[in-house]
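After this come two complexes, each holding subunit A, first together with subunit B and then together with subunit C.
Let's look at the complex of A and B:
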């Protein structure tokens, strides 16, 4: 029994299906039960949350958690399906501290809201950037430029005249 | 005593055109310098101002310490003993742009880094040169279609030499540096400053 099947055995109501993703055990879970599942996963010994990422599938948005257990030397992948229009899921910062920055990154690039996150703002792109770049409907035709303000803060604008060289 | 009267109309001031090399030297007034040097058994080196200034500039190009991405690792390799840019008088990487006259744009220029790179360039004192290193700095490279990477650093600052590669080998860096030295060697400052009169 791999870790995903073990999770399904422990929480049959929360796990929709189990499978394999890139040679790792995958469990698709209900998004409402993420805190319950996270608690159980932590109890199972998955002490390391490696990656949180999101995928835009155009009709839905998936949020994916990759776990690793240093004690058992096992992997586990959790996946939750979210709404396309307003994707949101509960934050797991209370279980893994690293989720703070990982969730901020996922919010920054895919635009998934993590409810209960202590400081949910952009981490890679500057404040004021328009759109979430890993969404399929991100508008690549608008070129955005960053300039530095008087206090060293980033100012985002579509006007690059004080940055680009005049020809 | 009779006053001596001189008929100035009868005096013809003729200046012979200098023909021999010695006469030419005499004409420029440089003969005194040479005679003085001969007295002291010294030597004289003749050159032009352009050549002298350019020689001084290209012999001690000090780069500013700024690396943006993996090309900066190659920059370290170039400055280490094996490839050794100390041969060009360039080993002094300055931590302040105020003391540097060369900037290696070594790596990916992201949108967020671009204003800082421009500011670094503007802080450097004249004369200053820029070498753009690697595909990313030249054109955007593998990130050309990206939302967050500038399509070439020459969009924001003027570039003297482009070195292609991803990242370029240290030999390519050295070739680029030699190209820049060639360029500096051919710059004409005397004409610009009006010293050619």
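Let's look at the complex of A and C:
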């Protein structure tokens, strides 16, 4: 029994299906049950959250968690399907601290909201940036100009007016 | 005496941040109470670029992530693509790949040691480190024409075979390094001032390090005996004899010493590769176009230029010099990746920094930061 099947055995109601992500066991889970699943996954010994990936599939948004266990030397991949109009899922920061930055990055670039995240702000792009670049419908023809204000805050505009010095 | 905390800004262009990184520190006198890190100044949208380029066109962009050690970046991405498309690689190419990656690990650690010592006020080590690095860079130059951004590892093999005289020069480099590394130990490891700055400073426990997503030598400095090359072996690592370097203390000194040990291990690996280098082709000629003239032409024409992996997704991770480097590549069956996600070691290692520097003096921030060894191109992508 691989780790995804074990998870399905432990939480039959939360795991929709099991499969593989090229050599790694994958479990597709219900997005409402993420906290419950996270707790169980941590109990199973998956102490390392490698990466969180958000993928815009045009009709839906997928969020993928890659776990690794240092104790059992096993991999586990979780996938949750989110609604595209307002994708949101509960944050797992309370289980893995690294999720803090990983979730912020996913929010920044893909636009997934992580409920309960202590500081869900943009991390790579400046505050005030319009749109989430890794969405497939992101409009790259709009130019955005960034400057830094008096107190170190980011100022974004689409016409470049913030680049001009005030008197 | 009653004191008030105040906000201190460091960066984004402070020389000790090794790039463009900003710290927002809540200070109580000289003591750090809280540390916030602001990143993103070097964000170039590499993941978006990945969706707009063909599989082959994206390889040069991976060089620009961690530009101190670009070969592992090349390799991690190429390996993900190879797994996705089912491309086989000849044994000789795998040997050359591991050779260049281990050489890059040595360079990376030399730069790390040099810049750490420079931040602490000792400028000799960076001169020594860069002197040795220059020899290695010249090896790379003879190999692929580039010194830092190689674009050398391709799906199906490596771009060119080893040039004449490469192996003797490499042997010379290894022989030289063996003497030099003793010098470093004598110069640095026993230095009282250096020890006072790093011993028992920035301690992080194994559990905390794992929880914060720390990987690579920084994590092994906290006593986690884990190396992806050993535990999830890829390429030819199963055939090689080496050990994962590990220290238990979890302080800045331990993280420094792990890297020093890793240089030795990498040299040990290089020697084995030189001895066991198999004959054969540097690229799998089954794929791509054969040269269209009868005369031997550029080897590059053997590479699959346009190819369409079947729809699917893969997450592939390797042990880069700085930690776990992973590429998630999703294909929808066209010539371009549907999604590329880069899990960079520098980005995740930074998460642990605020925890490590809390309660330390401001000067220690730089010392601890230097031992995590990040590159901002890798953080911001």
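Here is the rule we go by: the second predicted complex is superposed on the first by the 159 of 167 C-alpha atoms of A that agree within 3 Å, B and C clash if a C-alpha of one lies under 4 Å from a C-alpha of the other, contacts with A are read in each partner's own complex, and residues count from 1 in each chain.
Simple rule for what comes next: a residue touches a chain if its C-beta (ideal position, glycine included) is under 8 Å from a C-beta of that chain, and two chains touch if they have at least 3 such contacts.
Since we're looking at a predicted model, the values are computed, not measured.
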- Message: Applying the document's definition of touch, where does A:126 land relative to subunit B and subunit C: first, second, both, or neither?
- Response: both
| Touching partner for A:70 - first (subunit B), second (subunit C), both, neither | second
Discussion item. Once chain A of both complexes is superposed, is A:163 in touch with subunit B (first), subunit C (second), both, or neither?
Written reply: first
Check whether A:144 is in contact with subunit B, with subunit C, with both or with neither, and answer first, second, both or neither. first
Partner touching more residues of subunit A, subunit B vs subunit C, is chain C
Overlap of subunit B and subunit C contacts on subunit A, residues 125-126, 133, 138
Touching subunit C in the complex, subunit A uses residues 21-24, 47-51, 53, 55-56, 64, 66, 70, 73, 77, 96-98, 100-102, 105, 109, 122-126, 133-134, 138, 152
The residues of subunit C that touch subunit A in their complex are 9, 39-40, 43, 45, 47-48, 51, 83-84, 207, 210-213, 215, 224, 226, 231-232, 312-317, 324, 326, 328, 330, 338-339, 341, 343, 347-348, 350-352, 380-381
The residues of subunit A that touch subunit B in their complex are 125-126, 133, 138, 140, 144-148, 154, 163-165
Touching subunit A in the complex, subunit B uses residues 111-112, 114-116, 118-119, 145, 147-148, 154-158
